[in-house]
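Before anything else, here is the set of structures, which you'll find just below.
You will see two complexes here that share subunit A, one where it goes with subunit B and one where it goes with subunit C.
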Partner chain A sequence: MANRNFQPARVAIPVLGLFWLAVTTLPFIFVVFTSMKTLQETYTNPVWAMPEQLNLSNYIQVLQGSFLIYLRNSLFVISVSVVLIVLVSSMAAFALARLKFRLNGPLFGLIVAGMIVPLHVTLVPVYLMIRTAGLYDTLFALIGPYVATSLPISVFILTEFMRQVPKELEEAARLDGCGPFKIFARIFFPLSGPGIATVAIYNGIMLWNEFVFAYVLTSSPDKRTLPLAVWDFQGQYASDIPAVLAVVTLSTLPLIIVYAIGQERIVNGMMAGSLKG
Partner chain B sequence: MTSITLKNVAKRFGQVSVLQDIDLDIAEGEFCVFLGPSGCGKSTLLRMIAGIEATSAGELRIAGELMNDVEPADRRVAMVFQNYALYPHMSVYENMAFGLRQAKTPKPEIDARVRAAAQTLQIEPLLDRRPKELSGGQRQRVAIGRAIVRHPAVFLFDEPLSNLDAALRVHMRTEIANLHRDFPEASMVYVTHDQTEAMALADKIVLLRAGPEVRTRGSIAQVGAPLELYHRPANLFVAGFLGSPSMNFLPAELVGADADGANVRLASGETLRVAVDAGGLATGTALTLGLRPEHMRLAEGSDSQAIRRRVRAVENFGEYSYLFLSESSDEPLIAKISGDMLDIPDAPIALHVDPAECHLFDTKGDALPHTTAAAPQAARMD
Partner chain C sequence: MSVGEAVTAAEKLRRSRAGSRRLHKAAPTIFLAPAILLLMVFLLYPLLSSFRLSLLDWNGLGDGARFIGLQNWVRLAHDTVFWNSAWNNILLAFFSVVVQLPIAVVLAVVLDEASKGSRLLKILYFLPLLMSSVALGVLFKNVYDPNFGPINGILGAMGLYSWTQDWLGDPNFALGSVIAVVCWQNIPFYMVLFLAALSSFPREITEAARLDGATGRTIFWRLKLPHLQGTFRTAVLLAVIGSMRYFDLIYVMTGGGPENASEVMATYMYRTVFNSFELGYGSTVASAMFLIIMVIAAVSLRISKRFETEV
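This part shows the complex of A and B:
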């Protein structure tokens, strides 16, 4: 009888889940543990051993270096970019989802097709444009490409969201005296909250880890963002593995915090289109 | 004074003609109901008055002013939507105040109007709640409140009760009737497919037709007071649409006519007297006799004004019974008789038919004029 109720999925799914948990967390545990070891410990003790004592000296060493400048740069570039991405993509999504105009469909297709353009193809032209614009080696050099490359996926997510807002709300707002912009600002923007959170968090994470544009478009150390910091430190402390891993831990921490707070929204947002559609 | 005037109004979606030849006057303070089967364009017509839908042709005037190209917010209309269309991210108060805020109404006045409307509708304790915390009936009240605060010249209702359960529907229907009494100068235009609602609420019913006849005969099948449409339907469509169960239609042949009425012979061979003026028609003309189920009663003795059939089935409802009688066509003849009836299969039965309550329709489906006054019951009450 018990055998008849046996469902392989009930066993397989938790096992797979545990396996995946190990795959994703073990490297991170290794990074955190090692970042607290002394250089000597890393050579003498086994790789997976716990640190002998809570040793934060690596962190102090890193924070006394230029880490905070990189962090500030990253925060600035990403917050400006994310605000711009949310503004531009939500307005575009509203127009594409709700306004009737010729070429609406093709335009949406064209924007979404931007998702398949490999970023690296655009590197040389973007580099030349930024140079010509006189923005090379400034933080603003990063904002333009960051916003542009994030728009296709953001417009795609938000358009799906705004298509689900009932038509009657738009009509009620028109009767209440709203023009298209107010309908967007007062009705559609607030109602797309979960979608906007998704777009903001998703792009925030992507841009936090962005390396290529930052590498190509900036050169002086005080204009660089965190992913370059890891790279810089790697050169600087080539043999000091615990220090490099302290940098890695510090630069991942903000993401982990954001994800922990917004996890539900990210997951909901990612699935909203498929479930409600 | 006329509040809404539609002249030759039409609506097309691409090549498809939805509404055609709409000529209609709705008086100030009148409660006008757009009634019709699904797909007849009654909601579209309402949305055209609201300004949400553009008119493809014709003139639309509100209080004498041409409104074809005027923005919805500037038409002095307020609309209650079928699914309420409350803004989910705003409180009840904000929902009601939103339109006034857009119109830059001073804050104290907004507050006064919202609170007055909330009091009228007994939703004061709900003002701080979000729509999702409200029941269907409460949401409906808020939607009505949002319309009231704007002090509109015209209230537009788009099937406002169709999402409520049956008991609440009857209750809200009375509230809407009260609203009409409280705002006597505002016109109300109300869309429904429910003829009970239409009969209960309307000063005037506009019955719209659907299908290919729209192109040849226009969208409006008949306009008039509820009882006028019930007792004096202008054509087969109106006669068949109003009333439940619907009117029975029997093929008939004209055998004679005089000043007081006409004699017709049914396919079953019976000859009936009807109080309809068929003077202009030749003997032998094919006609359709219309008989409402509720206008037949059991005949006594050898009644010459009776139709004789066999009972196919009986449905007893306590207060009344439906008799399903055999007819040569597949459609049974239905009679509604007060009280209980024994269900005796194949029992012969004779039903008396009052000449004044018979309707005759010509081959085009138009009603022939009656020789007696409409609504005899109402006349007898005086």
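This part shows the complex of A and C:
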């Protein structure tokens, strides 16, 4: 009896599993295949046909354009932003988790409330501010908004983390004559490694893919980040579908490579970040 | 060491202690200052500034700004495009909940039950979440392409020519086509969420139930599914709030068109400011969007809390 009830599940599970695998991967396969076709092929052959030969000319064409400049800009903006996010948020988290002062509770609440602010509401004032500051269309235009908007979630994650560091460690250090600055630098910052990794992974991926601020605060191709490469190329090569899809592939590749190295970590980091956000 | 030297040394020590004590007192301020400063400049000020700008008639360039009081807000109240876009946000929220969450639960169960390859499947399922919305938007624009896209291509090859559509260009289909992609991208997120909840389900209970003669089906419906309830509430909250502020994918795929058919609040705000150069009115839209989201967030939090206490 129990066995008979079990049968449908035994068939359904692999079928459903493979079905969703197809749903997930077919669009990616379509992109990679099409990006290796010639423009002629996309007009004459059916969409599901394999490319006639391993043709990388679309990739070469894209790489000879300004793609690498977008990539370099992204690497610069994201690494500077992530370093600042980690530094600023771990300092704030330490104060909120471990220092006693009057406004501790309300301040924590206010900072964390920043997570519900829909960022598009800040777009126009930030745009005006960046323009007034003379930072419009520079890579530095992005760093301020990127760091600030990542802080609420990062402070939240790290404060939770630092609250769990055993009190004894802190007391021992205090007896040895360490002040709050040394306690932070020698104990809390190093011991928060996993929390910092989560913050860096989550924000790094979110900002790597960030579109609207980069779109509004920059305009020239040599000041724009990777998501804008896809956007700009799409405008430039509008009808050259294989070339556009080669850009899509190339722009996704860096994250896929990182993902291949640390899947589990990235999945967990993304989940921790979005859950709290 | 002379007495005098000893005294000055002691005095120095006292002073430096007093100095460091003062420094210790200032420690919270020093640690928090950078974060608070950044948040005030890039989050709090823009938020307030948006409401101030909503009272202006301004194209965003030069000194032409004119204070017009609440005229923009009156205009907003009668702006059918805005209310239609807010409605589209609600549709997006509704379909996100009823499409994404059930599929995500099923997939989580599949991964939880599958003995072989579930780790690999999870990793592959998660891929869409790593892609930028722009790349994804451009990808699916090509998938939906009426002439060269695979969807119409396959329908045509199956002889279903009458089913082929201009998926993103037809006002009747644009919003649905966009929502489908939003679901496709976000299902893996909820799947991992439910999977985590399922794998935290105590094995002993499953075994005890099995010893008592419970079938796999009973265990699933009576034990595991109720166990997911809390996670389900979280998921609904995230899906609803996320849908109210959706922008990237829709902007890239349709720009809110055709004829505002797939317009949501954020795309309407963007186009009002940066395409029509109505910076004042665009800020009104942004501020209204903020208020609507805050109300919806508060209401859904309240509702989900009530469920928590009742069940």
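Convention: the second predicted complex is superposed on the first by the 243 of 277 C-alpha atoms of A that agree within 3 Å, B and C clash if a C-alpha of one lies under 4 Å from a C-alpha of the other, contacts with A are read in each partner's own complex, and residues count from 1 in each chain.
FYI, a contact is a pair of C-beta atoms (placed from the backbone, for glycine too) under 8 Å apart; a residue touches a chain by one contact, two chains touch by 3 or more.
Note that the structure is predicted; figures quoted are calculated from it, not measured.
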Point to revise | subunit A as common anchor, with subunit B and subunit C clashing or fitting | key: fit
Check your understanding: After the superposition on chain A, what angle is formed at the C-alpha centre of subunit A by the C-alpha centres of subunit B and subunit C, rounded to the nearest 10 degrees?
Key -> 90
Check your understanding: So, A:Met50: does it touch subunit B (first), subunit C (second), both, or neither?
Key -> neither
Exercise for review: Quick one: classify A:Phe211 as touching subunit B (first), subunit C (second), both or neither.
Suggested key: second
Review point. Is A:Leu253 in contact with subunit B, with subunit C, with both, or with neither (first, second, both, neither)?
Key: neither
Check your understanding: In the superposed arrangement, does subunit B or subunit C reach more residues of subunit A?
Key -> C
Check your understanding: When the two structures are overlaid on chain A, which partner does A:Leu191 contact: first (subunit B), second (subunit C), both, or neither?
Key -> first
Check your understanding: If you stack the two complexes on chain A, which partner ends up touching A:Ile60: first (subunit B), second (subunit C), both, or neither?
Key -> neither
Practice item. Check whether A:Arg174 is in contact with subunit B, with subunit C, with both or with neither, and answer first, second, both or neither. Key: first
Check your understanding: Once both complexes sit on top of each other, what is the least C-alpha distance from subunit B to subunit C, rounded to whole angstrom?
Key -> 9
Revision key, fill the gap. Residue overlap on subunit A between the subunit B interface and the subunit C interface none
Check your understanding: Given the complex with subunit C, which residues does subunit A contribute to the contact?
Key -> 1-2, 5-6, 9, 13-14, 16-17, 20-21, 23-25, 27-28, 30-31, 34, 42-43, 46-48, 87-89, 91-92, 94-96, 99, 101, 104, 107, 111, 114, 116-126, 128-129, 144-145, 147-149, 151-152, 155, 179-181, 184, 205, 208-212, 216, 226-228, 230-231, 234, 241, 244-245, 247-248, 251-252, 255-256, 259, 263, 266-267, 270-271, 274-275
Point to revise | Parts of subunit C lying in touch with subunit A, wherever the complex brings them together | key: 20, 23-24, 27-28, 31-32, 34-36, 38-39, 41-43, 45-47, 49-50, 53, 60, 106-107, 110-111, 113-114, 117-118, 121-135, 138-140, 142-143, 145, 148-150, 153-154, 157, 184, 188-189, 192-193, 196, 213, 215-217, 234, 238, 241, 244-245, 247-248, 251-252, 266, 269-270, 273-274, 279, 282-283, 286-287, 289-290, 293-294, 297
**Study point:** Residues of subunit B that touch subunit A when the two form their complex
**Key:** 47, 50-52, 71-73, 77-79, 81-83, 85-89, 98-99, 102-103, 146
**Study point:** Touch list for subunit A against partner subunit B, complex
**Key:** 166, 168-169, 171-178, 182, 186-187, 190-191, 193
